[in-house]
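Each of the next two complexes has subunit A plus one more chain, namely subunit B in the first and subunit C in the second.
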Partner chain A sequence: MSVAADRATGESLIGRSLPRREDLALLTGTAVFVDDMRPAGLLHARILRSPHAHARIRRIDLEPARRLPGVVDVFCGADVERSVEPWGDLTQDILTGDRIAFARDKAVYQGQEVAVAVAETKWQAEDAIEAIEVDYEPLEPLVDPEQAMQPDAPVIQDGVDYEGGVGNAYDASYRIRVGDFEFARDEADVVVRARFTTGCSGAAALEPHACLADYNPSSGKLTFHSATQMVHPLRDGLSKALHLPRTQVRVVAPFVGGGFGSKGDVFPWEVITAVASIRTGRPVRCVLSRREVFETVPGRGRQVRYAELAMRADGTITAYGERVIFACGGVSAWGNQILRIGTQIGMLPYAIPNIHVDGFAVHTNTGPAGPVRGFGVPEAIFAKEQLVDMAATELGLDPVEVRLRNVLHGDDCPTVTPLGQRVDSTSIDRCLERAAEAIDRSEAEDVGVGFAVCMKYTSARHPSLDSDLASVRIVLETDGTVSVFSGDSPHGQGHGTTVAQVVADALGVGVEKVRVTSSDTETCPFSLGTWGSRGGAILGTAARMAAERVRAKLIELAAHILETAPEELEVAEDRVRFVGMPGTGLFIQNLVLLAAYATHQLPEGFEPGPIQAQATYDTPTERERSDGTGNLSPTYSAAAHAARVEVDRETGRWRVLDYVMAHDTGVIINPLIVEGQHQGAFLHGYAMVFGEEVRWGEDGAVANAGFKEYFAPSAADLPSLHPTIEVPAPSTVIPGGQKGAGESATAPVAATIANALQAATGVRFCSLPIMPDDVKRALVESERRGAPIVYPRDMPDYDGPTEWPEPEEFDDLELID
Partner chain B sequence: MKVEITINGRPVAGEVDERTLLLEFVRDVAGLTGARNGCLEARCGCCSVLLDGQVVKSCNVLAAQADGREVETVEGLATGDTTTIEDPTTEGSVGTYVPLSARGVDEGSLHPLQQAFHERGALQCGYCTAGMLLTLKEFLARVPDPTEAEVREALRGNLCRCTGYQSIVDAALLAAERMRG
Partner chain C sequence: MRPFEYLTPAGLEEALEAVAERPEETAPIAGGQSLLLELKSRERAPARLVSLAGVEALGAVSGGHGEIRVGPTVTYRAIADGEAFAAIASRSAVTGFLTRVIANIADRAVRTMATVGGAACQAEPAFDIPVALTVVDAGFEVAGASGTRRVAAHEFFRGVKQTALEQGELLSAIVVPDPAGSWRWGFAKQGMRAHDAALSSVALAVRVDGESRVECCRIVVGGAVKRPSRAYGCETWLIGRPIGEVEAEKLGERLAAEVVPELGGARFGREYRRSLLPALVRRALEEARDEG
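Let's turn to the complex of A and B:
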């Protein structure tokens, strides 16, 4: 049956794998990214960055650069001291005051902005920054977060007062206190513990960060194009930093070449480029080089977890404890939010009754840490899901059986975990069964099978951000087409298709009649942006709500014209028609024309003019409480992964022979798009194990700021992926039943592969990434000892901490709500 | 120096600095921005174009080296006849939406690789897509009936961060099948 015929019979557009409406421009090379814009009079900005990870800046001499040909402007922090204020405090928490355009007295990481040159050509700008003279006094760099936490360590951000901070631990206040951890631990039949570290993998979106500021001196208005994931928060951040009213700043994101979290912030180069355009009165573009991206764009940040898990002999998990130390770099981007949300959500899909977590977001002289696909959940899962296997092994239990005993069960939902997470629905139990069925568990030499499970938030109410909303405005045009102004900022997620499907479905029109505009603060209503797996569920709900409001107006109008009751009518075939009667009623186009051009025919009280509606959906979520509990997410997607991995003992190389992903993504609007999200999310999880890691030397210099040394996996490095096994448990909170899709396949990958490697080799790998050299050395050591080992702790050259940190004292004062 | 390059069958001449990269010539002189700068270190493949039929990373070739030669970019791909993609329309009073019709480009004139990428969801942000398409075009001309492993190997020089590659590999195999007829 043709698609058109389906629609006449009222077949839903939800659940259809429509190829994306965005594709043609991208496939034919006509899509415009920031670097493709060609405004008249364009100037180019290049930024001079600190070569030192930690250094006093004694003197900056811009004069030699100003004299060079083609140079229009050169400036540094001292020049904008009064016109640009620090930012980062838009949200209501402690992240105040350390986000600045330029390092002034002190640079706190390699690559921090020091000065900028603006010139007629890129080459002239490049020559100009080379001519700037800066006198640095290098200071001792603090690269290791545990060293940075030592009481005698110099404080990196010595001029900023952080509420809840202690020394370089700018957020030392994160605690989870659930149940009686110590009692449960003492009562348990087995307690396992290990120190886990995860590397700073970058998002490495292929489009380098780029922005183009165009300040109009006659109107005083700044039009700012940026490769951003959040146009409205960027507009507000820029306005605040530049002391401009929000009416005078328009932020637009054209096509954006990937983000994965790394384009969701207000960045120094954005503020600098805006200032450059205001100063010169001309459009100015700044495109980061790949080196700049690796040095200064937030990556995951290194995390250290001292984690322990207690289990009863029957396999029941009774307690979990962690001390988490998160290297957040020289400034406080989203670090403490990642620590909090990642750790809390990472406790799922188990309802652990006793939890004790002490978390520290720590400044280090490294590039800023920020969101990268999974927002801290993959790091938490890497530790916890390995401890589950370790405990199961000690008790002689099967890793699948022990997980089935502990995961939340769909039949028990809705349920509230001891951590306060209200899980409305889930199929994680069935996902795990399906994954275990689908993977080959037969034994073979040097081959192991591993499992891991997770749940993932669907958007979230951040501890620092008491809002979790998205907005959509819909206008019916006088030819019956539908303009949708969507608040979020897609960068590959296909909102132009997904949102069109939702709106077309609710209005009974063809999807080709719907045009979605996104990422423009002037035309699109306020939204928080595109991150946190929120598009389908949160933005999709806003779109549905707006469409339903428009539909009610259409039906009211049609009922008046047709002299019938609204209940007799429905929308389908571009019409408002009598229920179940194709070809009857009125075309929507005619109703819109009446409202615009024949207002005497409108019913009394019906507002003339364009038929339109705006809707905002803010999730029914809670703020984090001071004991770490709270329902931060409206609903939870889930994933059970299984890997069959082979190890080459000669080379230490490991290879994934088979990988199974079983997911609960609730109701799926477009399966083609969601499958792409799962498979792409898998890549980012796989990359954490495969070798992606920005590495800083002891001097704080990035050792691998290019794709040559940074191991981003190619098609030849990744395993073949089967279609994801979807076991939908529709959300009962989100009206359409959707759940987040973008990150649930990232979270379990590293733990799944590590568990499989342990099964294959007997070595417990506790540090990411897991490189062939690590495997080879661990195997040699394991063979020498004739026993399974924990890597790297059991290695002879291991120089990490030997003492297990004691849990922090319970402090009543911190737990006042 | 003066450089003249035939791009997608049309000669393009320009007076450029001798350091100008082929990528910059294509983007800034010819105005074809489909080839993209992802790293400028010949690693990511976003700038891949065909030079006399061979895949090159255009950030790794000087415009001067391409003087007098033929370059094909993604903008030159959509010319052949292919089947159209059905749009879920309601056949209402409004004509159906025809993307890019004003430029003479529609679903009916996509290259089989472009068509297959569209159907299989082989692009998300689309930044790597042009390079992927041209690399695969050259590869399928040499190896018309490849295995999955051969496709993956052929794409070793082209990074994608969005898709996890499976959909790209599937699309390449689908296009290869259709191109064999």
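Let's turn to the complex of A and C:
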């Protein structure tokens, strides 16, 4: 049966919950991931990684490994020094030199690549790396970013010069300066402040990172399959690092088992595996173990915020100030981008007139920090939305009323915030009202209700990129089917379904006629990849533009054949027909056949051959200005969340009794997929509070590199969710009205639950995750003091605009008298 | 993982010969739910694995003469689904108790593979099986070259991953007493996640007299200690009290004072694990009361 738009009834394919086309292969186990591929002659690579977080490498002896059975190649940094160059410089302002294949003289985090063995079997490769002898001289590891910022701290990346860096703060230049912060703060009726820390949760994608390089020695071409979120930037990064022309590198992503940001980069193991294939002339695969994923794949990175918020007695937020210190690990990756964008977008949905932020991206001897769902916004919201509650409490105001007073209102849009964000449309005010109506606010013992609001960018012009584009090419086939070559790299988002809906809707064909190919640099046009909630809006717009160009050609051709004016025609029911007249006109299939096989019938000037078009949509966004202002995103999705949480005082466990999500996602192409995105995004936010955190000991070693002790919640640990309340405020910038869907439900969760926990217990929890032993300790300490506390550290009285006092540490607590 | 030879003996004698042959490099495997993880990470690398799956005698369950014999390769699933004890006419409620405990261990995938004997021999402090088998006062039949010996629970579990099994020996049966008299049982645990092993656990067995007074009891703590540990002080305190009137709060305070937690993980310290004991013993006591 054809699923198509119906022009007669005005029914569109946009807004239809079509089942995801991807699911059949996934549910039947026929989907092919990198680890399922079986090329002839396949070799396996295992990487020897530094056991030390910080160590000089004095000597590497590969010979014992080379002598082992099945071993084909063993190499380390010294062997590829001249053939591989550092990468990362395709983006601007991520000044690198530290993105390298192997640690050479010094390892800067536990798990950094030191050498690789390539063998006939995975276990022979494992044996080989065990046989490699490395002489390390351990150095003092710097795990705490605030310690790493001390003037006397040894510099971790001592061989790299970072513009705008000071010591380990490799980006010490981030500033937001809006209005007159100090004046506003001094004039305010109440100023609240606290020190917030957020943990390093990983993305915890089910499929570990994996790649398969297949270099053909006779053609000199490298075909590279990877579980990546961005085939084109990866292709360009690999080509540059390996000195290969772009024509000689093809990057393909097969099915990818989730990424959530963590697969959007050029990784050392990818470069190493490519080199291994070039050296051996055989296909080589590298699949990371779960331990390797936790040690070396970028996670959120620890953030420390000294934050303060000023409010007038009527509840108006007048000023916000922060000093943000972000532990970015041993190499730079995306750290400073996350700091910048997360902090800037995190100021929404308020138009705060006076803002003062100093931000520092700091190297530490921990695994690299990188994008994880929310790109720093959840971390910023965790601090700011708690401060809003703290100020409201001091003023005796209701947390919902205070937020309603401060959020942007849909009626005022489009509007530009003092930070320069042009918010084209929003329903955050109504979302908040709806969430407040839906949650049970009645009082009960040890039960509290909390709220938080956020906005989330829909894709973004990252400070590092002067580009925010996606591209789509559409080719009509001679049987009337439609081939779509989509530039982005989906890894669970269902682009094969949503892009097909957009194209089918614009071309008036049944959606089953449209086939979407993605994630292949050889067939798909250049795009930036899939991240930042950009698919539906940015890629969707490119798809719509390409489809409209193809449609124009079809109508031009049909008008010629039918001897009518193009305005008389429309596309519907697989035809170009007379407007509003079903069954008339010509089948699209016949038009495509004419262009291919009967070219003398074409109108003059009509290009014969395949009817096709390519389109690129680059958002009308701005680059970040030096004072931190700018409109980085074309449009902004929004969310208001409410939680009712119960605390068990005996065990410190908290339980979400009810959770309400009200969202503005603009025009939704496929509600089923967007609901899945919201629920998945909620899970990532919930996980930040619940217990997900990669923990580095003082020695820089990961204490919990496995799901046994990395506390990812399972389905049994999650509250059951209501269907999301959607309050659509269509974007007026994105032509179809879409807004980003993938991350808006992550950003407010931690703050919502922390605010609810405060309401239930009186304790202000300022550090993520908030685990049962934390809660128990905080409750016991509150009881001992006879007053609710701020946990984990009480900030003594504030004293001065830039200098923060040393926080007071608790003594070790006896949890039971 | 490293290469290994996989042996599949069909009978107990053959299995014993196989594990006794090169005992240092041989490991028996039942459900493999602990061993496979250790093999994958190369934490352990035995050259020979002896599968017990084909040894029928090790998977049998039988009852009578005041005891129930549980074969060590009986899976959690067989017990949780009611299949293993279906034909056993238990005179105490012990089979129901074990079923409740085991049905709540880990998730379905694990329960399908994991075996009771495997968990006993693994002797992880966080596991529920050693605690439950200690509170029911199970005996462990150990078979070796020189015959079979019987070891009491408190002697079988010796420490973290340590049991009374010698090299070349196999656990051949778990003997659960099925006592006459009015016994009641309770078990409570807390892990971090729904499917996690316990940070702390408490099991309770109580026999009451005609006036519902505690005549005899066992209280066993797990998770926070190296091996299942009896709380003898609390047991003494409990004796003679009417079960319905025991002040759970006082029992909890006593238990937390009596038990010295020996184990703290990277995240949950000993103090926290100790602080869980009052709530856990109260829940175990409530379960035991409800049963009566």
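Everything that follows uses one rule, which is that the second predicted complex is superposed on the first by the 783 of 817 C-alpha atoms of A that agree within 3 Å, B and C clash if a C-alpha of one lies under 4 Å from a C-alpha of the other, contacts with A are read in each partner's own complex, and residues count from 1 in each chain.
Rule of thumb we're sticking to: contacts are C-beta pairs under 8 Å (C-beta built on N, C-alpha and C of every residue); 3 or more make two chains touch, one makes a residue touch a chain.
If you're wondering where the values come from, they're calculated on a predicted model, not measured in any experiment.
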For A:E512, is the partner it touches subunit B (first), subunit C (second), both, or none of the two (neither)? first
Thinking of the overlay built on chain A, is A:R695 touched by subunit B (first), by subunit C (second), by both, or by neither? second
Is A:Q589 touching the first partner subunit B, the second partner subunit C, both, or neither of them? first
Looking at A:A25, would you say it contacts subunit B, subunit C, both, or neither? Reply first, second, both or neither. first
Counting only touches as set out at the top, which of subunit B and subunit C does A:A204 meet: first, second, both, neither? first
Which of the two partners, first being subunit B and second being subunit C, lies in contact with A:A716: first, second, both, or neither? both
According to the stated criteria, A:D135 is in contact with first (subunit B), second (subunit C), both, or neither; which is it? neither
Contacts for A:D186 in the overlay, against subunit B (first) and subunit C (second): which applies, first, second, both or neither? neither
Looking at the overlay, does A:K776 come into contact with subunit B only (first), subunit C only (second), both, or neither? second
For the overlaid complexes, name the partner, subunit B or subunit C, with more touching residues on subunit A. B
Show which residues of subunit A both subunit B and subunit C reach, each in its own complex. 123, 714, 716
Contacts from subunit A onto subunit C in the complex sit at residues 123, 126-127, 291, 648, 650-653, 691, 695, 697, 703-704, 709, 711, 713-714, 716-717, 771-773, 776-777, 812-816
In the complex with subunit B, residue positions of subunit A that touch it: 2-4, 6-8, 13, 16-33, 35-36, 38, 123, 203-208, 255-258, 260, 287, 289-290, 479-481, 491-494, 504, 508-513, 572-575, 587-590, 672-673, 675-676, 679-684, 706-708, 712, 714-716, 718, 720-721
Residue positions on subunit C within touch of subunit A in the complex are 1-3, 41-42, 107, 190, 192-195, 253, 256, 265-269, 271-272, 274-276, 278-279
Mind pulling up the subunit B residues that touch subunit A in the complex? 17, 19, 27, 31-41, 43-44, 46, 73-75, 77-78, 85-94, 96-97, 99-100, 103, 105, 107, 110, 114, 117-121, 123-130, 133, 148, 151-153, 155-169
